[in-house]
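After this come two complexes, each holding subunit A, first together with subunit B and then together with subunit C.
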Partner chain A sequence: MTDFTTNKTTGGRLDRRTFLRGTAASALGLAAMPALMPGAAHAAFDGTLKMLAWDFQPNTIASLVDGWSGDGNPQVDVAIIPNVGYSPALQTRLRGGDEIDLYYNFAYNTQKFIDEGWAMTLNDMPGVDEMIDDMFESSRPTHVNAAGNVISVPYFSAVHTLHANERFLSEAGIDKMPSTLAEIYDASVALRDAGIVEAPYVAYWIKEFCEEYLHVYLLNEGIEAFDAEGNPVFADDPRTVGVFEWWQKMYREGLAPQSVLTDDPGKLSNEMAQGNAALFVLHHYFLSSIRALEGPESANVVLAPLGGDNHTFQMGEVLQLGNTGDEERRLAAWELAKFYGWKDAEGNFTVFEKWADAAGLAAPYAGFFTDEAVIAAFPDYYDLGQLSDIFETGSKVVPARTLPWYPDFQARVGDIVHALLLDQATPQETVDALAKAARDAADGGPKL
Partner chain B sequence: MTTTLRKSSLARADAWFGVKMTSVAAISMAVLLIVPSVLTVIYSLHDVPASGVSFGEFIGLENYRVIFTSKVFWRSVEVTMIFTGGFVIFSTGIGLAMALLLNQNFIGRGFARGLLIIPWATPWLVIGILWKWYADGSVGGLNALLVGLGITSEYKNFLSDPNWALTLTIVAAVWRQASFAGILLLAGLQSLPGELNEAAELDGANAWQRLRHVIIPWLRPMLVTVTVLNIIYAFLQFDVIFAMTQGGPGDATQVLSILIYRQLFVVTQIGLGSALAVVLGAAALIGGLATVKILYRGASAT
Partner chain C sequence: MMATLRKFLPRHAGGRRRRPLQTVVIYLCVLVFAVWILLPVWYLVVSSLITPQQLGSRSFSFLPSGMTLANFRSVLTGDTGGAGIGSTDIGSRLLPAIGQSFLVSSILVVLNLVIAGAAAYALSRYPFAGSRKFELAVIATRVVPAIAIIGPFFVAFRVIGALNTPWALVISYNVFTLPLAIMILKNYFDQLPREIEEAAKIDGAGRIQTFTIIILPIAKPGLVAAGVLIFLEAWSEFFYALVLTNQLTVPPLLAGFQSVQQFNWNALAAATVISMIPPVLLVMIFQRNVVGSLTAGVGK
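Then we have the complex of A and B:
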């Protein structure tokens, strides 16, 4: 009998899962043994798995999955839907009873999906402990909740970094790469006053994305957003108002263009490539977009860490296993998840290597950054040592983002921050409104 | 007696034939309209879990209390009313103007009529994406046009400005819907007997008087239809606004349909979202019925 919440198996027979667990346990001292590598155990399931992904390089997704199936694994029916509106579409499908074995998800949805019965915890899956051990310590809270349950597998990870036009900074007489909020403000003013760029700073401040920037800017100033219980302790930190004063000032003074409230990241990358902006804060891999555009300033744009002595925000989207089918089907889905979110049967980062090559996406594993194939896959304008350091010690995830009420809060941040930027609220009112939104979300019940 | 029986039998056969003919439509209506509507009302009275596995706890009118005491809701109502007003007035008015123009004899009239169909045949979502780029503050054609005409001196980020974003979404939606109104009203104009206009002209009526006393009364049933449809389209408008601004900046374009989408599909507060949907549905229904009543009352007065 299978407990659908904990995946615990009871009964005296030696079933496949028990066998695999036993195998994994006995293999702890034999790490090099090929049969123990991720994805090595071909699942007994001979049906077709269902996978749902968002529309990022659909052909690559298809080829990766086909490659996995071609290695003697089950066939996979992959459905790909647009990234915009993915979360509502996924929830609607699951609510409607669609059985999806493996799906992309946003990290902030994960615990909610477990609680709603749409996803399963992975604690007892073969190899899960090794996968978690492989991760940067800084990345683990995204995938392991406070109770110690493994709730997801990495799809990709990224750190918020500064994309800076070195030539422009040099022309403005700025020797040190800006890193703190104050330094970014000063550099923006200098760039504008020198007549180099009218609105030097760009960021993806559309409503849906303001929540990530909330964490970027709070972490940059060394402010803890939520405590272990999910309380919005940022509201009690006297430095928090200063963060929102900075945010409002950047927009009000035109250091960020007025259009950033609705601009998409493709446009922002192009602004950097064309030399219409000099500083761009977003996931590190947007450097690939900026360089690929081959604009007049593309080659002058480099990555730099954010936060000074503090941290930047580490984000990562995830894969979750649906609560579908029988044990064999789940084990097959888990094998696919390991392949897709960790390593292949030979212990290679096959999938992550593809993403690195295609778009500069990273994986939250230390070994990823030292893997020769991965190093070769990354364009040479990435400093992988620097990126690895940011992952390891220069960035943090926000564990509260996986709490079940968090999607509710996440959906409200944009309205509140936009009101600040549009001068409809003061920084203090913004802090109060965000804290209230977090408490309301945690309290549950109907709220608009 | 025999004749009566035969008539009765024929009537039954006719009735049965009628039932058979309408059954498909009736079942479709029941499945696609009545069942979801009833479920939405039931959901609105419950605290429905996101998983949708049950109705959840019955909470009576609590969802409605939350809605009607929320500033977010009333702001959304305000935005919806402004959008609806602008959309209905301009799409109907411009549609009428286009119909009058295309009812004249001029070279290329057939081609011009063909062009009228293009916006209407374009999906709402595509209209939204087109206008998002057209209104772009860096590369948008609208800015180029305004600067070229000397109306503005520099490019403006319309969609990031809360004072302009709603206006632009109305313009985009009107651009599409005016052609729909124009097509319907042109069909109405073509059924207008030429003698009516000629008689009015002989009686000395000028163009404005002919429009007011001959053409508008003739088109009134069509105008009622167009206006009611436009009101419903306006209340339910989602695609264009979502594609252009996603309800932003801030709450500048957050019409009720976008608020419902967020509650139902993003936040997954199904009970509250359903209550909002009930309120919006009722508002669209009342608005449509009121329009019919007002326009037909006007008709009987003339």
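Then we have the complex of A and C:
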């Protein structure tokens, strides 16, 4: 910005030429500002934008979007469909020519959607660099691919965290919150042997979710599953077999209940709330579910801090911009994306604040955790400093998850891991099978 | 004593009385089967009448001591509280969705009975060269997975502007309801005596007259059975409704309870129980026709 308090002006020798130059530069600067500010530019597009979201508090979605439109932005036609079946429905709609300007998407679909031409890269969009700069470095690979293209905007983020019943741990004589897999095993044995909980450890180990736990447990032991090119380097790490040995042991020895392969998170949250389980690993926001259930043990459940150099898995779902319409329409959709996935025109995390209040969902921005409105929105049982630290330095996303072949690999993980848990495969065989599944997926399908 | 008991025991189709042990085994099997079928429904009903705390209790009680209508109230008013992290405004959407499901299913029943009735009667009474193959082809269409053919439907409805309308579902559901109706009605028409039609023909009735005046009245039980089954198929369909509409009908709306892995089972159970009322009532009203028609010809 031009500084009007330079010597030229203060000296009282402001000639006409200098004044005009200064004015022109200021005007240019002011003109550029709205484009850089989140959601500050009112879109020139005067039609109706189309947005597709999955069914998570549709009334909140509608009110947020209506609020955005009410600020002089275009109207938005929001369509809601269930989270179950969302991906095939979205792909069928896009393949069928539906022009959706902005849509929720699963992070693992993002690069595929770019490659298919259903979503656009955001590199040249005004303010995109500022948005990425605002983001935790650990979160960026979800939204910026290896080639440096910005492929999505955050919808929400979460970190896998150990939810632990402090009272039970204390009763079992465990002073230090378990953090490594070995410590979790030992704590589970101690809790069971002390007669406090029969099957202390629960997790959402259904087939569709085993892939997230693969990363949770590998990262927990300092193992990266894939390298930058998407090669399954976990198979070459000697520590990997130990992770699967642990996983198998937890189930085989009954430290996790037999039903855990099909239990849903609602039930698992309830198990924690009722005191039927003491340790629960899943997205941090399940603490809200456990507390909201108001069971006899709900108030004793806390998020465990990460120990030492451990990492956990950071996940999040995204928004993508459809490849629709002309430049004006795209810019309008981008303004909506910035509002919905970053900040509003005043620089507030309006949308994320709502999600934090509704369910404890987080945003991958450092400023989010220090924003006063956000802090007020989070229930006080969340330690936001701890959560922010986990986002910043204690968690990693898996960049390979956005590669176009990744959904094929993901679809195989559940079968392979369940075979391990059901004693139909050894840990070494599981490692080999997962590595093969990843290579097959990357090569375009299994080889006969 | 045994002789007295035997008098009350059911007979085989052939008229011979069953042995008591055989009867006990049969009834036991029926009981086990009934429990197998009804237990999940009972679990659902109980879940809708208890609190999340009771639902989470390890020793789940199939006869809970305390019951509450709070789940129904919360579903109908939209106030699912803190435990309802997902769809909080389900109440405002559930009843309209039930209405839309009823509309789609009812239109489909009428449409299918007219088209399938005529087709089934023609196949039964006027077989043509290749009619058997045609029947097999009709049946084969039912095994085509929805995801394989929904793309063209989507494009067509987008072009004519029918997306997210009941008509998109009415038209697309024919893919699986029409073959079902044709199969049921063809089987039913095959069982009807041809002599009545021949008598009508002798009396000067044409084909259409014979069909409308003679056949339709006596085929009423078969038509009712086919209608009920079409209604149930349409009522419970998920995938077409998911892709072609925005939660217009009940199944995708109920699926919306599972959002970001968080859902309230009690509220889902209550919403499901509410949405089950119309089809259950329908089946209860017409159950005699449904059973009678589906077993038509058995034992002949």
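We adopt the following convention: the second predicted complex is superposed on the first by the 405 of 448 C-alpha atoms of A that agree within 3 Å, B and C clash if a C-alpha of one lies under 4 Å from a C-alpha of the other, contacts with A are read in each partner's own complex, and residues count from 1 in each chain.
Here is the rule we go by: a residue touches a chain if its C-beta (ideal position, glycine included) is under 8 Å from a C-beta of that chain, and two chains touch if they have at least 3 such contacts.
Please read all numbers here as calculations on a predicted model, not as lab measurements.
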| item | value |
| --- | --- |
| Which of subunit B and subunit C A:Arg95 touches, first, second, both or neither | both |
| Touched partner set for A:Lys267, first subunit B, second subunit C, both or neither | both |
| Partner chain in contact with A:Gly148 - subunit B first, subunit C second, else both or neither | neither |
| Subunit B versus subunit C as contact partner of A:Pro238, first or second or both or neither | neither |
| Contacts of A:Leu293 with subunit B and subunit C, given as first, second, both or neither | second |
| Which of subunit B and subunit C A:Ser259 touches, first, second, both or neither | first |
| Subunit B versus subunit C as contact partner of A:His418, first or second or both or neither | first |
| Partner chain in contact with A:Gly173 - subunit B first, subunit C second, else both or neither | neither |
| Partner chain(s) touched by A:Gly195 [first = subunit B, second = subunit C, both, neither] | neither |
| Common interface positions of subunit A, toward subunit B and toward subunit C | 85, 88-89, 92, 95-96, 267, 271, 276 |
| Residue ranges of subunit B touching subunit A (in the complex, touch as defined) | 47, 49-53, 59, 62-63, 66-67, 70, 72-73, 136-138, 157, 159-162, 165, 245-251, 254, 259, 261-269, 271-272 |
| Complex interface listing, subunit A residues touching subunit B | 85, 87-89, 91-92, 94-96, 112, 116-118, 206-208, 257-263, 267, 271, 276, 407-408, 411, 414-415, 418-419, 421-422, 424, 445-448 |
| Contact footprint of subunit C on subunit A as seen in their complex | 54-60, 79-85, 88-89, 92-93, 95-98, 156, 204, 209, 264-267, 270-271, 273-274, 276, 282-283, 285-286, 288-289, 292-295, 317, 358-359, 361 |
| Of all residues in subunit C, those that touch subunit A in their complex | 52-53, 55-58, 78, 81-83, 85-89, 147, 150-151, 154-155, 158, 163-164, 238-239, 242-243, 246-247, 252-253, 255-265 |
